[in-house]
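Across the two complexes that follow, subunit A remains constant while its partner is subunit B and subsequently subunit C.
This part shows the complex of A and B:
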């Protein structure tokens, strides 16, 4: 009886441990949006909500209005004409780490990670694959990535501004 | 034995609870959807672009020039259309206002200007008291505006006009709501004090009016506007100003084209000193050009 019980307990423990899912989250991740040919066109959003689970799932969400520009009028224009933030208030990403076996969240170190998933911007969802770095420091991951998006893909007519935009992501998770 | 069983039970319970916490595989994608939905519901984002510019035709809107920006404004009013072909329907002569507006903070702006009409100098301060927000935030935008005008025109010395006599004060409360992405409406109660009535008779030195400003967007960059000021009393021979116009926003520039019966382009002259009426074709074609320059430092 005693043996049986301890067996049950240890099994339960074992399953519990195997299933234990670690989630890292932040509410003040940083995403920078910049036009490659005009250094004045740079916007920073410091209020990005993001989560990573050690099963490889990764999500990002931000408010378009959270992008701060150097010039107030530029910011207005960006919201009103460019990304139409009243109609489409959020940018959103849901992705999965495709090389999860090369990333170890429980061991400190820098890992190259490839993430592919759905990026939603201006009401349009598009599959993207992004290469970035996950650096685990003291058990907490820091993610950095750089990629380029073509505004036309997201139904944004940006001929006058920037057809291609560089996006930089930098998030420190808790 | 009894104690042992109890202890065991406790351990089992504890383990089971722990297991329940950990064993649930959380789907981050669903988690994101639900937090986003909750955030959207509680969102309190300031509503942008209730109007394209800080003026609609002559009237001030609730908008404030962005911090660190300078708005160079050229306002132009031609002569009345009913002058006929000889005067090219009013295009031969024009009055204008040149102005510079400055955005000092997110909610405060000041401006100065010079008008042909009575060779007036004017200045104003505008402060946003309340900003309409999305979700269940503030339902209205409210801005206060106070202005001063000085009539520099040379006047008959026998009138014994002092510099205080030449000064006119106006204050307005601008109350607006952006009802939808395309439709905005503003009510602006206004009060004007003339130290002395020059070239006008009747009325009073203290004049009240209520302005109604409407904007309907017809595309992303173009809107149709209407502006009307209802006066509680009028100077002799003066009428309520009514203007109908179009805004074309190109980002950095706003072009405003309109027909209006008022010649003045600052507060008191546009609201209380409009001699023309739409009825007899005493209407002027006019335009405002607004060009934004960035003069402030980097936004942090």
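This part shows the complex of A and C:
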């Protein structure tokens, strides 16, 4: 019986180990966005949570109320009129690296990565594909990416301010 | 002066004044300052429990509110803009209350007990509750 138990336990451990994937995470990634035609309209969020697994899966989440603007009045407008952050407090992205064979998480270097997945914002979910860079430094990845969001795609009617915003992502993982 | 001229001058002045005050309102409105607000006193655990039990209820109660939290610092770091960040522990080893200072809190160490006051921006399941724009109370 003892032998059987230890066999079972070691088998379970073996399987668990073989299946083990490396997961990198951060609670304080950074997302900046700006309106291309108005330099005053720019905001920063430094509390972006994210996980990347070396099997290519990744998640990002941020809180809309965490975006800080230079001007308080714009911040209020953004929260109350445009993104309705009390009703939709969070933005989420869940996706996978589509060119995983070109990214090596266990070897230092800079890799171009393409990520596809679902972006949920303002209660609307859209498929997006984003190109970015994953730089592995001392075994830990740093991710940077730039892309554009069309406000209308997410039912945000901010025509008076910006129809599109440029988004920059910068995450340093542990 | 003719009556209509007076009216036009008054109208122009009123328009200019309105324009100037709108611009002033947009550009000079001060950012919220948590130091002048009385915070809701909560422990890290009770804030986590509230969100875990019912996210909508907890949002209604705590979102955008000033929260004053006393607890043991789990770790200290800096964000990419150089602001100090600390985490408070909960009974879930993966789940923290993530707190960002807007002013320099002085030297903080893991294990130290502090009181932090900031604004709750919300809940990210499996990660943390975020409180930012905060200050060190003691």
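Heads up, the rule we're going with is that the second predicted complex is superposed on the first by the 156 of 174 C-alpha atoms of A that agree within 3 Å, B and C clash if a C-alpha of one lies under 4 Å from a C-alpha of the other, contacts with A are read in each partner's own complex, and residues count from 1 in each chain.
Rule of thumb we're sticking to: a contact is a pair of C-beta atoms (placed from the backbone, for glycine too) under 8 Å apart; a residue touches a chain by one contact, two chains touch by 3 or more.
Predicted, not measured: the structure shown is a model, and the values here were computed from it.
Once subunit A is used to superpose the two complexes, subunit B occupies space that clashes with subunit C.
In the superposition on chain A, A:89 makes contact with both subunit B and subunit C.
Of the two partner chains placed by superposition, only subunit C is touched by A:172; subunit B is not.
With both structures placed on the common chain, the touch criterion links A:30 to subunit C but leaves subunit B unconnected. Of the two partner chains placed around the shared chain by superposition, subunit B and subunit C are both touched by A:61. Contact with both subunit B and subunit C is seen for A:49 once the two complexes are overlaid on the shared chain.
The superposed model shows subunit B running into subunit C at a single listed stretch; among 112-120, 130-138 or 202-210 it is 130-138. Within subunit A, the residues touched by subunit B in the first complex and by subunit C in the second are 49, 61, 63, 65, 68, 71-76, 86, 89-90.
Contact residues on subunit C toward subunit A in their complex (touch as defined above): 25-27, 29-32, 59, 63-64, 77, 79-81, 83, 85, 87, 96, 98, 100, 119, 121-124, 127-128, 130, 132-133.
The touching residues of subunit A, when paired with subunit B in their complex, are 5, 8-9, 12-13, 15-17, 19-21, 23, 49, 51-53, 55, 57-59, 61, 63, 65, 68-77, 79-81, 84-87, 89-90, 92, 94, 160. By the touch criterion given at the top, residues 8, 11-12, 15-16, 18-19, 22-29, 31-32, 35-36, 40, 43, 45-49, 66-69, 103, 106, 134, 181, 220-221, 249, 251-252, 292, 294, 296, 298-299 of subunit B touch subunit A in their complex. Only residues 27-28, 30, 44, 46-47, 49, 61-66, 68, 71-76, 86, 89-90, 170, 172 of subunit A touch subunit C when the two sit together in their complex.
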